[in-house]
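By written order: A, B, C and D. Residues from 1 in each chain.
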Amino acid sequence: MKKVQLNPVGWMSQLSQVEVSRLQDATNSELFAMFRNCCLAVLNSGVDEDNFEALFAPYENFEIKLIRRERGVKIELVNPPEVAFVDEKLVRGVHEHLFAVLRDLLYMGNKYAFLHQTAPAEGNDITDMVFDMLRHAKALEGNDGVNTIVCWGGHSINQVEYKYTKEVGYQLGLRDMNICTGCGPGAMKGPMKGATIGHAKQRHKTGRYIGISEPSIIAAEPPNAIVNELIIMPDIEKRLEAFVRLGHGIIVFPGGVGTAEELLYLLGILMNERNAQQPFPFILTGPAGSEEYFEAIDAFVGATLGPEAQAKYQIIVNDPEEVARTMSKQLEKVKKFRGAMGDAFSFNWSLKIEQDFQQPFIPTHESMAALQLHSDQSKSDLAANLRKAFSGIVAGNVKAEGIAQIKKHGPFELTGDSALMEKVDTLLESFVKQHRMKLPGSAYEPCYVVKNS
Amino acid sequence: MKKVQLNPVGWMSQLSQVEVSRLQDATNSELFAMFRNCCLAVLNSGVDEDNFEALFAPYENFEIKLIRRERGVKIELVNPPEVAFVDEKLVRGVHEHLFAVLRDLLYMGNKYAFLHQTAPAEGNDITDMVFDMLRHAKALEGNDGVNTIVCWGGHSINQVEYKYTKEVGYQLGLRDMNICTGCGPGAMKGPMKGATIGHAKQRHKTGRYIGISEPSIIAAEPPNAIVNELIIMPDIEKRLEAFVRLGHGIIVFPGGVGTAEELLYLLGILMNERNAQQPFPFILTGPAGSEEYFEAIDAFVGATLGPEAQAKYQIIVNDPEEVARTMSKQLEKVKKFRGAMGDAFSFNWSLKIEQDFQQPFIPTHESMAALQLHSDQSKSDLAANLRKAFSGIVAGNVKAEGIAQIKKHGPFELTGDSALMEKVDTLLESFVKQHRMKLPGSAYEPCYVVKNS
Amino acid sequence: MKKVQLNPVGWMSQLSQVEVSRLQDATNSELFAMFRNCCLAVLNSGVDEDNFEALFAPYENFEIKLIRRERGVKIELVNPPEVAFVDEKLVRGVHEHLFAVLRDLLYMGNKYAFLHQTAPAEGNDITDMVFDMLRHAKALEGNDGVNTIVCWGGHSINQVEYKYTKEVGYQLGLRDMNICTGCGPGAMKGPMKGATIGHAKQRHKTGRYIGISEPSIIAAEPPNAIVNELIIMPDIEKRLEAFVRLGHGIIVFPGGVGTAEELLYLLGILMNERNAQQPFPFILTGPAGSEEYFEAIDAFVGATLGPEAQAKYQIIVNDPEEVARTMSKQLEKVKKFRGAMGDAFSFNWSLKIEQDFQQPFIPTHESMAALQLHSDQSKSDLAANLRKAFSGIVAGNVKAEGIAQIKKHGPFELTGDSALMEKVDTLLESFVKQHRMKLPGSAYEPCYVVKNS
Amino acid sequence: MKKVQLNPVGWMSQLSQVEVSRLQDATNSELFAMFRNCCLAVLNSGVDEDNFEALFAPYENFEIKLIRRERGVKIELVNPPEVAFVDEKLVRGVHEHLFAVLRDLLYMGNKYAFLHQTAPAEGNDITDMVFDMLRHAKALEGNDGVNTIVCWGGHSINQVEYKYTKEVGYQLGLRDMNICTGCGPGAMKGPMKGATIGHAKQRHKTGRYIGISEPSIIAAEPPNAIVNELIIMPDIEKRLEAFVRLGHGIIVFPGGVGTAEELLYLLGILMNERNAQQPFPFILTGPAGSEEYFEAIDAFVGATLGPEAQAKYQIIVNDPEEVARTMSKQLEKVKKFRGAMGDAFSFNWSLKIEQDFQQPFIPTHESMAALQLHSDQSKSDLAANLRKAFSGIVAGNVKAEGIAQIKKHGPFELTGDSALMEKVDTLLESFVKQHRMKLPGSAYEPCYVVKNS
């Protein structure tokens, strides 16, 4: 039995004894199982595998323990994956990531009582919590440059698309922009990899490659090798809020349902009238050959949310330099706006996010069936409901709990008015046809059926 | 009417909107008046005056305001003292200190509800609060070197003594030790001043000159010009705990009742059996000509607490090099002990401090009269009670509230068994005789009478 | 006509007026034409093209000027390649490289009178010059870690080999080793690229990617995008000396004649009896499928220089981790040896290099024909002569001057005893057969004929 | 016999073997005796004594050796003064200073062949040498802020004057200005000491306290404890040139003949027509009570060099804040001028210094007698000659060689036209009367007689 003890780093190296006690109290909680799994995912950083069962299977006898010292807490790994070690020493980046998981899941989890209690009632409090988590992660320091670009897109894109995300990242890096993504492979890794080369050429030595994950997704998308700041938000909604308040602009690459979910989330927020003045750089881009994806998305948005939604983003095909140049110019407007508003450069306080976008949506057969999927509501509400529908499908595809539900009860049923449902159906089928639902090599079995009401 | 707005620095530059709201809510509280006064004291940094009325009189129309921005909080000064400005710009050190006051008094004050609520019930919690405040002040970072020396002593010592404290500081600085004192002039400034020269010669570029104050004393002892880290603990007891847990060794220079209070506090703790193993460097020192002071103190300690108390400290007369060398050697033992105990280098968790030493003692005519001043109790309890008696006298001498009480009700009455009270009387008279009760130039009127029970 | 002026950086930002005058005096020299060409190569950094004529053709109207200011010297670029700019701003890395060229070619060129005078007579002086150039380039600072690995190998290797060099670089980077290569694509880029990922994972923030070039080769092998320190040595021999004195270990990947030249150079030195005690990590490695290359080399070394030469290196096939682990262990011996010898960690003074290895060999039809290629000499001399022969072939293959000579006079003729010449012939043919003589896509026309004497 | 070996630091830690050989060759030279004495002075840093014989007497058995290692050079001290050590370890600042002496005296001495050869013929070359020495000392890096203030004044000023120089330094430090002086006590230490407090309050962490000395003066004025950069120029004239080209403004405090020499040097240069456009902040200042000094100087300047000379400086009495404020404003003009001229911020290339001010003046009875001290010459020439006369008197007062000459041949004789000589006489007598010729406590015996021609 191999055992490795790790000294705390970062924020976790300065804990009070009461805080350490509380961490230890969490050892038997449900949260701790999640903690163990996230750590296991982190220890598998860089391994390309999105089937969490396949990933975790070899490590059934992996354990993680918290060891109390007068001076604070240590982590003990029992039978950890060999891949995280170099000549018997844990890779330093992985070491840091493990304590990021401890910080975000257990320490902040204790502070905000994730899971055990209902979520804080007021939206204001949720934004504060998001801020507080980013602050503890030291993600706000050094975010004053108005140059953090969030990149969304699929984790299982093809080689041409992957290469394209690298080129876009390279062009962003050449312009001193930092990259923030969702942590995994594919479109979440490519821009980071490209940016490292751009940063190197520009001698930009403090390049940031921020990965924002959440407990239910990290197993499927462990942080890639480039991520040098890992943050784990407690649920999807807070993760999405972290993206849009921390980032200064957003680029969407081809992806699957998850990417569509993110896009609908952002559209729903930007269509809020109180955000009408917000300059928010928002670019959809992909290589020649991937037009189909954006056409399908754009058609869907146009048909469901209308041209005012389409006006929120810009589609650029096959031109990485143009993407970076456009982003660069629009960031100037963001800077001006923040200055004029008295808003922080490092955190977008002034962006209004309604509670419906903040409250966790927990996909079950009931909650999915209950979604209001009809055109007879405000565009912002419609965006919110579509976002939830797609969120549920992501869960059914890759998340442990979602998959378990599908196994037990069969596919989720989505119902709504027939015109709308047809558009949803068309979009989802286009994803399946473009092989955007799974890592290459496996056939996709849909976790949902679309019904007309 | 002159107005100056200040942007936040340090921890205070990253506040959430809820936190800012809470700060603003404090604007009308009693705490805010204290905040205003502490800021005024900080703005008078470096001015030699221990009469807070004389210090504050010219600034009746001084106001301080908190201004809310989307991005956080700003401080606005109305009619601030000119002395804090250079060519119309606020001195950067003062700027930092003001936000330290905001952090410790209002931000931490909100967190721990100072004043408004009763103090936390358990000793453990108090230690955690002390730790948390030092952590927020970033005082623990960089305190791993086991080289922070706390210097106690009077603020109104004579020139020979002052020069001696500089020489000791110089020798400490030459040995790469940092200085932590109570913030004001005299023995609190000299060691810092000397250490800057020692540090300069040794190219020790990160010299720390930590001042730990508390709201009721800061007006009388504003931070001297050298202090580069200011921390304001909510009350005397937490301030004393901060000294002994943050510092790695303690030097006591000649002083008055306040110094005697500090010395009794430390003796009381070190005499606790559970601290018997703790190596705790503790040196009393002064120049030739000040022997009388230490003789009086040592005689008093011997007569009241006995030789086991005397064994806790070492008296070195007129030999700055020997002081520094001795300290240096003993720090090695501290380092070993912390390592062996698994204790932190930056914070002495393993030192046991009983609740009686942690709970605030609020000196009133009643509480002073009620003190158990007789030999018929454990040495540690006796030390605790004597400490409180001296604490009350300090309040009656220099603190606003204490002085007001004395004005209204006459001197505090101390009662106890006659043998003990005689020793107390002798010690206090020796202080008066040595002119250690007030800044030079004014005659001392005792704020207490000693009665035999 | 586009003009861009550049302010000096690094060492070149602090020149005296006399030094600036001397730089300007060089404007009309032959050296200046070389300076222009090197700058042009640097401006094409990252472009994959090893035919200097194809590379330079589009830039006939490119000019470079030195502009004198009271404060120092500026560079003016006229009609520079667009590829070096991002949104009209020169890439900072390229900016730095241009001043590295100015420093090494003109400033140091003036100091040591490159080209204009005969080379310094004594070997000692040459070593001093090499040291001085590395010192000016600030390459010695930060080289104390005994972790700089020189990687040699071809610039036109195949994809499998390229990927392998990246993997080796990755494993070296994971072990905190820095990379030094000859500056171009292929085996000179792969290890650097891999190391950046290894360094990122280990949070090794000061990763060094040193490129050492020389004027006649830089056009064919412009610095790749990763190089963050560029050094241009005046000739091949000083470049080779810089490699072996700056680096702490050497890895040889598959390559062509140039790689064979480097290998023979190092073998010749290590076989010197005065270097018998020197631990010098020296590993030949390549992926599965490239064994043929090492077999040919090893057979040639065995047949010509004997088993004592073969004992100087270790061949590891298809095991990047083993390469890095072996290197890591051997570096410990280097560290011990340097310590024991009182030698510098940053520069290998104690390695003995005979004058025959230091004096420039200028390949002409005469000098090539005059080479002593027979077995009837010491092994070290034989290695030196073989090295020269291969050096000439490199010139005939890729260097402007060499190619011009071949065009004019036909192939170089190599003569020697038939047994030896046969072995040379076999080796060279194996290179041709393995397509190691040119970038893929062009057929190789030999620039030499082998004759038996 | 106590021996201490020191590893090289700074520039001296990277020497080539040829450079080390040359250093060792210097071991038997006359320069080496000077090197030994400068080192002894440095080892006595902070000791208040301006009689070099008294200073050196206890250390007759002190020796210094250079030890050659493969990797470079070490210094060995034999029987060094105890005062430079703390607990058997050499103070780091002193350690650095010793290698500064080695660098400037032996390394640069070898490079420029000080003493052994005649000085370089052309003025241009001298300026280049001054630049080169400052560059090697890394004094130019970090001098771009146009905020280095040179302070001249006596080393034996009274307590009121000393305190005043501290206050001026404090006000300069509060305005982020750095201090450069001649290295010793008195007016050379006060401004540095004051500035450290000003810098501390403004959190100016890179405060520079540059001491520029020369071999014949360093024994009498060893670097004070604050100096953190020591530079030793080969002779007085190069030291003066270093002051005026490195500094951005000059403040003159009360002093003696040496101070008068410096003042005349600067006036002579500023009166050069080619410097007419140069803004050069030049302030004479002292406390109330020292007016007499400036009146005497100002009267002398007015009477000899005329009102155009008086217009070059500004006299401010007893107002440290006004001094600093004035300096601060004038530095803005310097910044603009340098920008407009294309001159460096870190070194004043554009200031014209005639050869007569650059060539070493070696005071002997002959050269002193030969000085042209009459009004019948240009003002600039007159200033140059008066400067030399005063330079000779400084030598006769405090320099070893000068004192020896006076002992042997009696006082220097100065001759010139009677009107001028009377003014000289008056000025010098006023210095004697004000006790500005020697450290307090000793009577002054003039080393000169003034004769009318």
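Going forward, a residue touches a chain if its C-beta (ideal position, glycine included) is under 8 Å from a C-beta of that chain, and two chains touch if they have at least 3 such contacts.
None of the values given here were measured: they were computed from a predicted structure.
Colleague: How short can a chain-to-chain path be from chain A to chain D, counted in steps between touching chains?
Modeller: Shortest path length, in steps: 2.
Colleague: What's the chain with its C-alpha centre farthest out from chain B?
Modeller: Between chain B and every other chain, the largest centroid distance is to C.
Colleague: Take the average of all CA coordinates in chain B, do the same for chain D, and state the distance between these two points in whole angstrom.
Modeller: The answer is 45 Å.
Colleague: With chain centres taken as the means of their Cα atoms, state the distance from chain C to chain D in Å.
Modeller: Those two chain centres are 48 Å apart.
Colleague: At least two partner chains per residue is the criterion; list those residues in chain A.
Modeller: Expected reply: no residues.
Colleague: Graph of touching chains, which shape: line, ring, star, complete, other?
Modeller: ring
Colleague: Residue numbers of chain A touching chain C in their complex, please.
Modeller: Within the complex, chain A touches chain C at residues 46, 86-87, 91-94, 96, 174-175, 196-197, 200-203, 205, 209, 225-226, 228, 325, 328.
Colleague: Please give the residue numbers of chain C that touch chain D in the complex, ascending.
Modeller: By the definition above, chain C touches chain D via 14, 16-19, 69-72, 124-125, 127-128, 131-132, 135, 140-141, 341-347, 349-350.
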